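Here the chain labels run A, B, C and D in written order, and each chain numbers its own residues starting at 1.
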Amino acid sequence: MAKFMPLRDAIAEFLHDGDEVAFEGFTHLIPHAAAHEAIRQGRRNLTLVRLTPDIIYDQMIGMGCASRIVFSYAGNPGVGLLHRLRDAVENAWPNPIEICEHSHAALANAYEAGASGLHCAIFRGYKGADLPKVNKDIKTVICPFSGEELAAVRAVRPDVSIIHAQKADRDGNVLVEGIVGVQKEAVLAAKHAVVTVEEVVDDLDVHPNACILPGWTVSAICEVPGAAHPSYAHGYYGRDNSFYLEWDRISADRELFTAWMKDNVLDETPKVFVSRVAALRSGT
Amino acid sequence: MAKFMPLRDAIAEFLHDGDEVAFEGFTHLIPHAAAHEAIRQGRRNLTLVRLTPDIIYDQMIGMGCASRIVFSYAGNPGVGLLHRLRDAVENAWPNPIEICEHSHAALANAYEAGASGLHCAIFRGYKGADLPKVNKDIKTVICPFSGEELAAVRAVRPDVSIIHAQKADRDGNVLVEGIVGVQKEAVLAAKHAVVTVEEVVDDLDVHPNACILPGWTVSAICEVPGAAHPSYAHGYYGRDNSFYLEWDRISADRELFTAWMKDNVLDETPKVFVSRVAALRSGT
Amino acid sequence: MSNYTPVELMTIAASRALSNDDVCFVGIGAPSAACNLARLTHAPDITLIYESGTIGTKPDVLPLSIGDGELCDTAVTTVPVPEMFRYWLQGGRITIGFLSAAQLDRFGNINTTVIGDYFAPKVRLPGGGGAPEIAGSCGEIYITMQQSTRGFVEKIDFFTSFGHGTGGTAREEIGLTTKGPTLLITDLAIWKPDPATREFTVVSLHPGVTREQMAKSVGWEIRYADDVETTPPPTEQELAVLRDLHARTKLAHQQPAGA
Amino acid sequence: MSNYTPVELMTIAASRALSNDDVCFVGIGAPSAACNLARLTHAPDITLIYESGTIGTKPDVLPLSIGDGELCDTAVTTVPVPEMFRYWLQGGRITIGFLSAAQLDRFGNINTTVIGDYFAPKVRLPGGGGAPEIAGSCGEIYITMQQSTRGFVEKIDFFTSFGHGTGGTAREEIGLTTKGPTLLITDLAIWKPDPATREFTVVSLHPGVTREQMAKSVGWEIRYADDVETTPPPTEQELAVLRDLHARTKLAHQQPAGA
């Protein structure tokens, strides 16, 4: 049953060194505030799972939180490469990092299988591709009806999944709306789930088929307005596209990166996020 | 791309003798008007697919439309057995009927696989159950990661799926809301889809994650208010529970059934449905 | 309080076995009444899930079908049926699943498929619906059923869903990791599986029920626990809440919903 | 109309290859511009799908990422990512998928994973994202890419996604039933696979482009069709609509969304 608690306490209680953790959100609702909290608390040896590592894992990897990454697209969307991730993979800075690489379809299916309590997913994929040669979590299964060879991937079942969502009600039921990505699957696949929300409300006031995570599927809820910045929260504030462009410059240099992280993460608190999105709120 | 057309024309164009057809709707939004039209047009040798055959298939079977049925629960929900289906299975009246029987989980997975373009689905099921002994569409697959034996079922990929929905917009986009069952999967698994709707509107006016079938996934849309009766349409009219109770009496006797079908189906048109739900509309 | 029916006590006894923390996969009939009675009395925060996709539902009247509008209107959320069976049932999120049976054996194996031969049945029953996977994926299974020699049989005609098989470690042997049937509540008694043999054993008789009466309603030699208790009769509150629920339900189902 | 850039013509030529009935799986960059240009000119009813789950989207400005809010706001519906890949892509509903490459070979095989050895890469590229299954499940694949000897190589370092393999019937041999790459549109030319060998063959050169220029930008011996055409230059309308789109986009991405 969901406990309402400060983000600092939630990360301290539910995310431990060595955990496999998924910070999910497909371009939308990326839980940056929670990642910053994990960085501040100095987590180490994490296995980071995420379709699109994006700025959030570029920061965690650059700060030495991760020893392994499971992913399917390691770019700064629409901008370029992820410099910190590249530096870790190519030069082992600040530490070597093991990679487990998938396609989007494979990793989405792997989350779905995890949420379904299975150890594998099957799908039509990877035909003629080289990833199966370098990733032992990709195998094949023969369809017993058609004889077709299908790809099989190991389910993702994280120790903890961490997401950001629009709202929770006082019973801890969580609403995710808009581009919902794989967040529901990530939460249901994990042993524990930590959710930051824009606000806690009396009534979610939604239609019957909205994407809701019932309170009993969530471990902790933390009210952190703006927690998705520079990503966005549909209905609350827009994406800070200019920061995504700016990150290309900040992250390209180890010293500039380190200085930026000290000023904007290590020396800050979750409270700063609300001010970061102030200019991004529109009438919607 | 969805064509707007009268129900009579849609059934004539898209449902043929010998087809495999799914009339779906899990207790809610059951497409009774379309089934009555198929009965009036005298369809024969259909394979009827549906989790819960319910009154709709009891009527079609009793009228001789079906030679095979694929299902997972053949009862009048909350009331008792389906007398016409029993009569067909036990006494071959009005004709013998072949059965392909599943559990709900299996058949739901089979639709999902059909919608996903696969020939099989895998899931954890049927352990210790006898159905795999009598249904050749149930096999097993070994999970290549855990070694667990999983059930595998043949995908459902109907020639036609027929559903009822609340609304379509003028571009043919269809909204299904409330208990959505397996309707989306049934439509996406089929070669053609016929959809009856309560109304056609300018704007569906829904939230971003509503269950919508884009117009280009649907073959025909027919505006038939009340078409789900005695089932219900969330937001339009309630379930006619008293008719479900009454059906137990009507269907128990071959002659009574035949007379009822003549008066209420053969001699009627889709227009009658709107009057059948008049007393079931509430303020919602 | 003696003015109650055996089925009322069956329902009330089942409701008492549920707690606030349970997540129940609810079937229609006695289970639905029991779960909602628990919710309306000692377990207000119990989570009720119906296989139609309605999660955390709080119906004011009992549904006639598994997918009445009332279930969706009062739910926290409603999901597609494939998701219900994959994420919620198979995902291992359900603590207690309710099942009933046309035929039940002493090991909690259930038949709701056919009486007689499968391909030439004497009676074609509804079939399994959700039961085969409810039996496998829920943390534990409660069975509610009225006793009769027709229903409580030495050997069932068809294994619709697996209970404890031939007893002992039969579940583990076929790869099931859940507990299976842990409680059988009837109109006459409460039964629990023997820890070793897994045979259902009477642990409590309802007030006034005799062992002779029991023997006449069960098609096998009944085993009794060493210390058979007497089921506490319904309290006034339990009975009042249950009867109110049934009265509201009857009224709702007799007239068109919108009238 | 000679006042246009090679990339503008690449985008415009790609947009011309799309029709009203197409269902496109759109990537970021040139494909997104081309698809939306088609929608804003000759194919107003084209269906655009982005892998973030947005179906039937009609953005007013081009998204920076595959999941900008604009895509969801203007979509017919937005589905979860697992559903996008299962029901919509794998389900065979997409007529045309767009791909680009860091390295491309003459058979349309694509590398966006690594330059050098996979386990000790010289350059770690972003990886495949949706591409491996886009390449397999879309009806056909259009590739847009600027020509350079670094990108148009004799042999790619890693098969991120499969085009025509070693040519001929390679796709059929590994069980692929879709057409694979059928069109390659660059800043200099339009290429189509030879019907038999499947090697990309130049069918049209953009205005003013010479074969010498082509040879310097491609790392293999280029094959030309017997009858090489000249790509029609952009019309005034095409160029105006494309530039308006880019201007709106630039403005939108430079300032905070809500300002």
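General remarks:
Convention: contacts are C-beta pairs under 8 Å (C-beta built on N, C-alpha and C of every residue); 3 or more make two chains touch, one makes a residue touch a chain.
Not measured: the values here are computed from a predicted model.
Chain A and chain C have Cα centroids lying 40 Å from one another.
Computed from the mean C-alpha positions, the centre of chain A lies at a distance of 28 Å from the centre of chain D.
The residues of chain D that reach two or more other chains are 72, 78-79, 86, 90, 137, listed in rising order. Residue positions 112, 116-118, 123-124, 148, 178, 180, 184-185, 208-211, 234 of chain A each touch two or more of the other chains.
Because contacts link the chains in a way that matches no line, ring, star or complete pattern, their graph is best described as other. Chains touching one another form the pairs A-B, A-C, A-D, B-C, B-D. Residues 26-28, 51-52, 71-75, 77-79, 81-82, 85-86, 89-90, 101, 103-106, 108-109, 111-112, 123-131, 134, 148-149, 178-182, 184-185, 211, 232, 234, 237-242, 244-245, 279-282 of chain B are the ones that touch chain C when the two sit in their complex. Chain C makes touch with chain B in their complex at residues 28-29, 51-54, 63-69, 71-72, 78-82, 84-86, 89-90, 113, 118-119, 121-133, 135-137, 158-162, 165, 170-171, 174-176, 252-259. Contact residues of chain B toward chain A in the complex are 116-120, 122-124, 137, 139-141, 143-146, 148, 150, 152, 154-155, 177-178, 180, 206-211, 234.
Residues 21, 23, 47, 55-56, 72-73, 75-79, 86-87, 90-93, 137 of chain D are the ones touching chain B in the complex.
For chain B in complex with chain D, the residues that touch the partner chain are 1, 112, 115-118, 173, 184-185, 188, 208-212, 214, 216-217.
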